[in-house]
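Per-chain numbering from 1; labels A, B, C and D assigned in written order.
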Amino acid sequence: MQVKEYKPLIVAFCCNWCSYAGADLAGNNRLSYPADVKIIRVPCSCRVNPMFVLRAFQRGADGVIICGCHPGDCHYTSGNYYTRRRMALLFSMLDYLGIERDRTRLEWVSAAEGAKFAATMNDFVEKVTALGENKRLEDLRCKK
Amino acid sequence: MNNKEKLLKEEILRMSGVNPVKCMRCGKCSGTCPAYDEMEYHPHQFVSMVESGDIEPLLESKSLYRCLTCFACVDRCPRNVEPAKLVEAVRLLAVRKQGANHLKPEDVAAVLDDDTPQQLLVSAFRKYAK
Amino acid sequence: MQRIGVFVCWCGSNIAATVDVKAVAEALKSEPGVVYSADYQYMCSQAGQDLIKEAVKEHNLTGIVVCSCSPRMHEATFRKTAAAAGLNPYMVEIANIREQCSWVHKDIPSGTEKAIILGKAAVAKVNLNTPLTPGESPVTKRALVIGGGIAGIQTALDIADAGFPVDIVEKNPTIGGKMAQLDKTFPTLDCAACILTPKMVDVAQNDKIRIFSYSEVSEIKGFVGNFDVTIRKKARYVKEDVCTGCGLCVEKCPQKKIPNEFNLGMDNRSAIYIPFAQAVPKVATIDAEACTMLKKGKCGLCSKVCTAGAIDYKQQDELISEKYGAIVVATGFNPISMEKFDEYAYSQSKDVITSLEFERLTNAAGPTAGKLLRPSDLKHPHTIVFVQCVGSRCASCAEKGKEYCSKICCMYTAKHAMLTRDKYPDTDVYVFYIDVRTPGKNFDEFYRRAVEEYGVHYIKGMVGKVTPEGDKLKVRASDLLNNKQLNIDADLVVLAAAIEPDKSARPLATMLTASMDTNDFFTEAHPKLRPVESPTAGVFLSGACQGPKDIPETVSQAGAAASKVIGLLAKDKLTGNPCVASSDELMCNGCSSCERVCPYGAISYIDKEFRMPDRTVAIRRVASVNPAVCQGCGACTVACPSGAMDLRGFASGQIMAEVDAICK
Amino acid sequence: MKVSYFPGCTLKNKAVMLDEYARRSAEALGVTLEEIENWQCCGGVFTTSKDEVATKLSSVRALKDAALKGQPLVTVCSACHNVIKQTNYAMLTDPEFASKVNRYMAEEPYNGETQVLHYLELLRDTVGFDAVKEKVVNSLKGKKIAAYYGCLLLRPAGVMQMDDPENPRIMEDLIRALGAEPVVFANRNECCGGYVTVESPALAARKSADVADNAKAAGADMIITACPLCRYNLIKNGSELPVVYFTELLAEALGVKEDTNE
């Protein structure tokens, strides 16, 4: 029997103005990162409801990363400050529930930081891979 | 900066709690220092020399004993660098060495007069001796 | 159920080299709602777009998924295509399989697998898309400029020039602002009054411009295109339309010991006054705090001498309501108080002055009629010390001063030093500086001229203490380059005080819901690309209210703000972004959480009648989003505890569907 | 009202009258200065280095003594006040320092709870200058008095928090309350030369002369101070104006200068 190589499932929320553009720039510069990362576009990182993160883990994601504009650079002035506070609380609660800190991440990536986007994703995937599959929050009813 | 200089610098920064990179080189500390003329190294030089690890010459310098600790440089510094605290840390490093007391009890008689307040002797010993 | 068409683009080999496009098209065919799936070499080409249009018609599509490059590239293109085919443009979603897939992944199997997942997520989203129509709102074709300094004057003139009516609200009795107080202007040394006062006259004579002097904005409601503003016109006890500005009342007024604000208190004015000869409007104002008639009911001399009968001791504040389409903030700056910097002895000696006071001392209309005489004994000073950066560039933790560079001081000090040496060659002039900052056209040349041709002593170092003794000011300072402490006996010390936004700016920002930084400067919508707009739609920034600025910069920003206003007022209707927040009134519990997080003030609360199950009618407080003001960030959707608030185009259900599709 | 009182070494020796006038005036104003028991010398100067612990213990003991009584700790001497206030600030804001110190403290730890007041602050904030004014029996009207603060009372401003370090007014307000005319002079917050008089008498002489000359040039007839070392330096270096303790002036105005028991 062939043992299938473990591939983590990573959901990335990227704000439309900075991080999504940063991801595009990583593509323009052909900076590779694992295909395990799937990006969802949101207008602002503050659009990310903690529910979305919980839903991803419930549905079997192994890691969730949220990327926004650098503090002070938010297209909507202050959205990323809300994100920073909300996610600090959410991540600490998830930690309490047994979702390791390395499975969640909040990162500031500007539209000019294609290299940072790729490096962040490589690092994040590596850390999540090291942790292995996330079973703590997965709702088995969601499994096919 | 060689290793010895690095260690000395770290010790001074730890003792004083001062961060010399906050200095923007305006020279207001030296512009306001009442003991300036008596000092070989001036307050702004203490800041830049500590930053570059050039501490040996400061340890040897008489300037250490001329600072009045009047805090004019501390209060007037636009960047909150607190040069007086650096001077104090370097001086302590100097007088804490074996036999390096700058003021010795036998020197005191010469400066005493009928009105000398006790406070003067106490302060001087605390500043100049271990 | 939607009828969705999927269109997979090869992008030549850009996508097709790493992603098996046929496999993607095939795999997505069986997704729920998908009725058609195709691939093509260049979907964005005319032929590709035609393919989409035909498919829409042929298969009766209600939604479109394009698997192609980034939506930042061609989302607009494909939305137009959809609209041309008769679909709502917001029924299009893009799966980014180029920048975020084919270009960053190497092998075909994983690239193809990811492209399929991204496609599935897009399909899941489109299934929940609803047609969106951008809202429209009318535009009131009138602009309000708050502040009548050079920034406000230039903005108003430019807007009026384009044919739109403008109102200027100025809190002082005259427009002109700080520039009216200046003597000469750098780096050309032309006289400030000579270039400013003609502009003030232009404003007065322009029939598109109304000036509300001695007035303040007291209330602002509404939103871009539709502001309702209340202006409080303070009682000046003189009928503005009757007064001829002859000045007889000023001459006869017995109360003459009031410090003259225009000359910064260096001389006195009477209780009824005209700030300066070229004031606009040139009408008198009674200072109610100083007038004997208003305080004690005795005197009335001004009324007796006024042949026009313009004096009205019974005048009251007047409230004026007006509608505006756009608002320009031009509230300007002031030098900071020197109270906390008394090591320079500002409060102890009349001969320690600020640079603005120096301007008045050298101005022909100033307290010394333009002769440089020191205030204490009116003698000619022979040694002058200029101190730079007083209160600028201080550490945030230093408890006094400002963290920023005030920008204009290096240049005006060079000007003061040069003019002094030019007019009084027997005067020694010292300038103590930390850095000399001269980034501007002909600026550094100007400063070098002060040093090389006029012999101004520039010394790198800071003044530490000024001690008035006898008729001298003993200046103790450091000369860093010569490693010396200098002791200079000066006759006059001039402090380049940091500048700060006018105190009226903070309450105004609250009224406008416009954001400010920690220094009370207004923040711009984008520091590089939208420098004259506030993040609040319809509010524009002109001059030093946004950050320290010299006159050329202020004037260019004023023009830029005017052009933005003209661009807005030229429209008859404003088309909004349809991806805005909206609240489900049935779920909203009126808690105000969303209102508090909204950076634009787009959310307000209304009382709404609800028909209850028992057929009674209840009135509940619910959130209401103004779509013209909402920018669609979505902060409120997360803050809402009841889930009533959602964002069109990025609805919670849609994002959740994407998450589900990815995590399958 | 009762407050804890730390007189300090000099007030028990060379500056007995600074102490005596302070006590009599306080009594006249309805405040009792309770000298704390077994106080030890404050050390004269506060060593800013973070690793100096032993030299600050005596100040902490005095502070703790006041804390146990729940009283503010009042000092008159500028140096004692400066040392004790800075020590208290370090106990309050530097937990590492506080924990080191508390290893030397018996029983309950101390963490900077005591309010440290200079006698001038007691007059301004507790008694009130208006109340002082009412108790004046010998108005000092006509006297032009220069208040010399020196460095210790005001700096570092963030710690001392007594008054504006560059433009103080607490002593000027007191002078006004006593009926005299305050003379503001620029060098009132400059150093007299302090302890450096031991190391370089010439430097101290210059600094003292700068202060005294500036006060004279500003038109004062006398200088008042709260610091025995300032007074010593000014007089020793030839101040043309008389230099007296502010408490002496206060006692004079309140009519308690001449003690009947003396």
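Note that contacts are C-beta pairs under 8 Å (C-beta built on N, C-alpha and C of every residue); 3 or more make two chains touch, one makes a residue touch a chain.
Model, not experiment: these values are computed from the prediction.
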item	value
Shortest walk length in steps over touching chains, chain A through to chain B	2
Chain pair, A-C or C-D, that carries the greater number of C-beta contacts	A-C
Per-chain Cα centre nearest the global Cα centre, belonging to chain	C
Chain at maximum distance from chain D, centres defined as averaged CA atoms	A
Centre distance in Å when chain A and chain D are each reduced to the mean of their C-alpha atoms	61
Distance from the mean Cα position of chain C to that of chain A, given in whole angstrom	35
Chain B and chain C: spacing of chain centres that average the CA atoms, whole Å	48
Contacts with 2+ other chains: residues of chain C	343, 465
Residue numbers of chain D (touch at least two other chains)	157, 166, 190, 210
Chain A residues counted as touching two or more neighbouring chains	none
Which chain pairs touch, all of them	A-C, B-C, B-D, C-D
Of chain D, residues touching chain B in the complex	8-10, 13-15, 41, 43-45, 47-52, 55, 77, 79, 151, 154-157, 165-166, 190-191, 193-201, 203, 207, 210, 228-229, 232, 235-236
Partner chain D, residues of chain C touching it in the complex	339-343, 345, 347-348, 399, 465-470
Contacting residues of chain D [partner chain C, same complex]	157-158, 164, 166-167, 184-187, 190, 210, 213-214, 217-218
Complex interface listing, chain A residues touching chain C	9, 11, 16, 20-21, 23-24, 26-28, 30-35, 38-44, 46-52, 55-56, 59-61, 75-79, 82, 86, 118, 142, 144
Sites on chain C touched by chain A in the complex	70-72, 96, 98-101, 103-106, 110-111, 113-114, 117-118, 121, 515, 523, 526, 535, 579, 597, 599, 631-635, 637-639, 647, 650, 652, 655-656, 658-660, 662-664
